[in-house]
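Shared between the two complexes below is chain A, which pairs with chain B and chain C, respectively.
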Partner chain A sequence: MANLNIDNVKDRTFDAIVIGSGMSGGWAAKELTDKGLKTLILERGRDVKHNIDYPTTNMYPWEFEHRGEMPMAVQEANPIVNRCYAFGEDAAHFFVKDNDHPYVQEKPFDWIRGYQVGGKSLLWARQTQRWSDFDFEGPARDGFAVDWPIRYKDIAPWYSYVEKFAGISGNKDGLAELPDGEFLPAFPLNTVETYFSEHVKNKYSNRHVISARCAHLSKPNQIHLDQGRVQCQKRTLCQRGCPFGGYFSANASTIPWALKSGHATLRPFSVVQEVIYDEKLGKATGVRVIDTNTKEAIEYFAKIIFVNAAALNTNLVLLNSTSNRFPNGLGNDSGVLGKYVAFHNYSAHINAEYDGFKEWTTDGRNPAGGGYIPRFRNVYKQETDFLRGYASGFSAYRYQQRPWDGVGSSLKDNLVKDDLSGWKVGSHMMGETIPKESNYVALDKTLKDQWGIPQLKISVDYDDNDEKMKKDYIEQLTEMFTTAGFTNIKASSDHRAPGLDIHEMGGARMGNDPKTSILNKWNQMHAVKNVFVTDGASMTSTSCQNPSLTYMAFTARAADYAVGEMKKGNI
Partner chain B sequence: MNRRDAITRVGLILGGTVIGAEFFMSGCKSSTSASGVADLSKPEIVAFLDEVGETILPATTTPGAKAAEIGKFMGVMVTDCYTEADQKIFLKGISDLDEASNKKFGKKFMEADAKQRTELLTALDAEQKAYTKTKKPEDPNHYFRMMKELTLLGFFTSKPGATQALRYIAVPGKYDGNFPYKKGDKAWAT
Partner chain C sequence: MHRRTAIRNLALIIGGAALLPACMQEKGKATVALKNVDINAEQETLVGDIAETIIPKTNTPGAKDLDLHLFVLKMLDDCYKKEEQQSFMTGMAQFTDAVKKKYNKTFADLPVKQREEMLLGIEADKDPKSTALPKELKTFYGIIKGQTVNGYTNSKYFMTKQVVYELVPGRYNARFPYKQKQSA
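On to the complex of A and B.
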């Protein structure tokens, strides 16, 4: 199967290889090429060029045969990805279908994937909240996982660095638990969201409802125009790919930026089989890919390797990279590779109505989605019977509901006239989960994918802490809703499998001690100094804030360190 | 915004459930594959459903459901998005509706005049409403509720429905969270 043409080794040799072209891989590519490194970007799926490959982006609702809904046959064939809110007629082409890339669910896990250039950065919900020392000090304070090898001060300048380029809208809210950043103007809270924000501020000293911070160009700066991106037009059709580049995606931003440098080579259709480790040199020398069109195995070589295949696939690549030195996966001296996987608990919601402010409504659409309630539980000290806490989304909107009896012109007149009812309000939970050894991924011993690579076996579940936290979320939000005068309050718990949050993290965690972690404080492998992991796999704990912005910051920081080390001759 | 918006919006207007919503909203729970129990794209069926839709939402100062090709839309949605059991109910509903027309006026639905059609469908609507109110979840759905829901969904997401009967803007270009509300303009399509 190998077709290794030794004559062209030089053509297959780069300064750096980046595995993956999504949220973090795009950043690795941008940073490495900005610093002049000849960089190969490997993507297992097809290319998706900004604008050119967004086939539905300008379609009207009536141009979709099923008006956005997926036909039943597609739904039945894809029970997993069909559970994702964004899997619809307008964006289904950016999602992995269940049968195309099977995996083993030792416990139910909805693994939502995007195999194309840009990965899931095309599809994300664009929420970008910084993590704080209440997150980075969490494991040490509360006695779980291992201590983060960094603190907020280490990552803060890198948050600023990536925020300026990506374009993050938000207010400077002055909250210790949710540090401020380099913000473009925030999208405003609407009338009822503002009312609730004021109510919460008056009633609770430590609870805040703020405008959600999101990766949208509310008012672009020159650096965004230089990327070919312009102001967000509030279409809120983001999952189709944005012709304006109004939100941050690798496709609109980092990947074309890297390619423009002249130092990047993008190779789609290249699934990475393993990272090649040279026992004599004591470092990784390259990667072996399989061309998914020709099935040919090809080796590429580089001094630095960034693994950014998305959290669980990064684990798969590392677990499958075995050698005499590393029989259990690359850099896995500690035995923790694949373990301590965690996620975010999104399984509770609460909805209600509000009868006031009927003289107000909204105009246009809010790409930020509304309000955000930072974690208020166990922030400064342990105060509940569960560890950690949850952030909450909060939004309000006017709705229209009226009798629809009968048929004919009176029915039609009744339905088309603008006669809004009151407001509906809703919140969803975003809970931190505790990384545990028993929540893990591993290579299946027998099942292989179509390229002969072992399938990933996923064994991740909720625990008692998650249940207690969920109960508290429902109690606290119910109280906040009740005292705000909301009515018809309905809390629900949807028993979703882990994974549907699309915030899976860990498996190749950072830590101070090589005996209990895979990566050091620079996202650099303890045992293989020229390999860096800067996607979700590297996370020691999950916080309850959305993770993408943190991946971006870690990636830029690690790239800066890696190039410095390379120039010093250390790697 | 996502695919459930159109369905959700119609569900909100109707103040309740939409047939098929159990899989529209949360993924399909049925094990039967929707292979299509009948060809609903036959011209005579499309024409029939067009007239049913037009009777439910007629042209007034703005276009009606026929202008939105509602018959074709109903056929596509029933074939592609309904369970096999619901497809059969819908198909039989076409003849049931004709039978009801025969019984009432001594002629088929297509031969009835506009006033008679409205009278018939008003009665069928009352029938489905009473039936749906007391039906258990496992009981079969009423065919006329299907026709009515699909007419509303199809019309309000169609070009004439969204842009002429309602207001639609593809690129708002702005977001104002505190906008004075004045009742009386056309409702927004999205």
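On to the complex of A and C.
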């Protein structure tokens, strides 16, 4: 930390501070520096430089000591993160280990975290579906949470804005429930996915199976080449970090872009203890961080503060930012801070087989993962005994059958056979959950982390609505599979804890009324006008679409507003 | 499906020849450094002979050429629960006894045909409820079989010379013709 003269307040003063360098923090940094603001990016973990810090990215399977499997000692020491599908020998270094950063589970919650520059944007599943007015009007129509203070028309241009830069592949499907965007060519559905898509279209007027839209450069534009990214090479080893920048991550895209501007300072190993509030000025003046190497507390100052620490850690930072004016957490006049946390219900799956199209297979790999079925339940009106609905993944595949019974030279011969299985099909549920006051996070009263910051206590659970919705998913998909002629249909429910979906949202929700929400329609704190929250914490409801694209759009929109307000002298 | 379950079920996804140092062989001790299981040289030889029977040297490399027996031990040591490791050790003794009882010889002294017969006899006892063979013996053999095949199909040799692994496919053809070959 040679260059930081911590005794000099001027050196610790910036135009803007961004807390967090992941999916949304990277966007805040890019937008604020693009507009010329001198910006400090704070990251609690280590730096992960694009390419340089992807140690496994070009490794062959045989180069992994255990061929990808996590040693039992690591699995047993990390029961939480070990439940994440991407926690393998090739990506474990990008995940927080259970014991390094403990939290309190008042109810079981698998909190999956990535503490490094880029955060979980290195690890995400890269699904990027827009939300629509069926989502933004949901709480008002169905009478839960509070009304979103925005509508689709407010966010639509910002979806376009971030999509062009991030690079989203997809088809213009013309569906009201899943608005089209600025797309690079889609990764096509395979033979059986196409068959199922046509079957569903013919049988149900309101159900669609489309190519999943994903943040991959199927055909890069100049703006992507300018970022140093090139075409996706269909490796599907994304969780290792991509040497081509083939998918969008903060590491490959927004963070290096912000740094290239010359206006950004990136400070890793800086865990934010609190946002500093000045009662005389009536606004936040900066943040206090703890250098995780030296344990030293350092204050940084800025006119604008963006809190993008990832949904639950953003709640933690705000709850821990107390003052006489805000004894219960920054901007928490309403008392709702930390409450109305929700997530996505991923706990049901269905698998089957299809005895046909044996003359067709696929070649290479599909980074989009296959098909996506937008929500078809309760879209235009309430029609079931549960609120809201679910999207579904859908994919079809064949695998190489290499019978490994027996021993000796006949076994060796079997192992090189390239006979393919018949087609297998699978789907997983992505259900919207209802934000409730009783699903909350709070600071633990006694337990602290290694820097003396209170540990987060998480109390989030499923409810009856989730169970009814899951039952419906299984019934409806079973019917769709059956009528498509799929056989050996097996539905399963895995009873996973909330959190493993890695789509936790809320706690510092947006709303029109300061009495019932933390943020206004610009992701700006009602009570502290120079503080903005644009990550998952700001979400009023969860939709059932993957949320990252929406965080990006909200972030770019809020940054534009914040800089405008700053220039007008309003903040 | 959880990664570990997937690996156990398919047994063909990962694995390979261990990149282990060829240590100086101290008499009586295994050549591979293990932390959790105590394997002596004789036991390592037995695992090697079983692995070589599963994947023999033909006109292409066999288990010992690819150090698959060392990979088996490495995986046993690092990636199995304590109870499974204990079953492995118990099962190894049961296996030795069963060979002795059946052939009045050690596995090392058996000709290839009888080695194969012995292993195929264990594989034939598929019913989990069967008590024809002790369950530890089946665990012992199951781990060696699974990890030998796992190691073989994911060895550099196999993935570069037999079924080539592509690190960078660069393509996705969603509709690609396929003709089912007649199995030999």
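Just so we're on the same page, the second predicted complex is superposed on the first by the 559 of 571 C-alpha atoms of A that agree within 3 Å, B and C clash if a C-alpha of one lies under 4 Å from a C-alpha of the other, contacts with A are read in each partner's own complex, and residues count from 1 in each chain.
Keep this in mind: a residue touches a chain if its C-beta (ideal position, glycine included) is under 8 Å from a C-beta of that chain, and two chains touch if they have at least 3 such contacts.
Treat the numbers as computed from the prediction; the structure is a model and nothing was measured.
When both complexes are overlaid on chain A, chain B and chain C end up clashing with each other. Contacts of A:Asp90 after superposition on the shared chain: chain B is touched, whereas chain C is not.
Of the two partner chains placed around the shared chain by superposition, chain B and chain C are both touched by A:Gly406.
In the superposition on chain A, contact of A:Gln239 is made with chain B only, not with chain C. Residue contacts after overlaying the shared chain place A:Ala73 against chain B and chain C alike. In the superposition on chain A, contact of A:Asp419 is made with both chain B and chain C. Overlap of the chain B and chain C interfaces on chain A: residues 60-62, 65-73, 75, 83, 85, 87-88, 187-191, 193-194, 233-235, 237, 358-367, 398, 400, 402, 404-409, 411-413, 415-420.
Across the complex, chain A meets chain C through its residues 58, 60-73, 75, 83, 85, 87-88, 187-191, 193-194, 233-235, 237, 358-367, 398, 400, 402, 404-409, 411-413, 415-420.
Only residues 2-4, 7, 11-19, 53-56, 58, 60, 74-75, 78-81, 112, 116, 119-120, 123, 145, 149-156, 158-159, 162-163, 165, 167-181, 183-184 of chain C touch chain A when the two sit together in their complex. Only residues 1-7, 12-15, 23-24, 26-28, 30-31, 33-35, 55-58, 60, 62, 64, 68, 76-77, 80-83, 118, 121-122, 125-126, 129, 148, 152-154, 156-159, 162, 165-166, 168, 170-181, 183-190 of chain B touch chain A when the two sit together in their complex. Contact residues on chain A toward chain B in their complex (touch as defined above): 60-62, 65-73, 75-76, 79, 82-83, 85-90, 187-191, 193-194, 233-237, 239, 358-367, 398-409, 411-413, 415-420.
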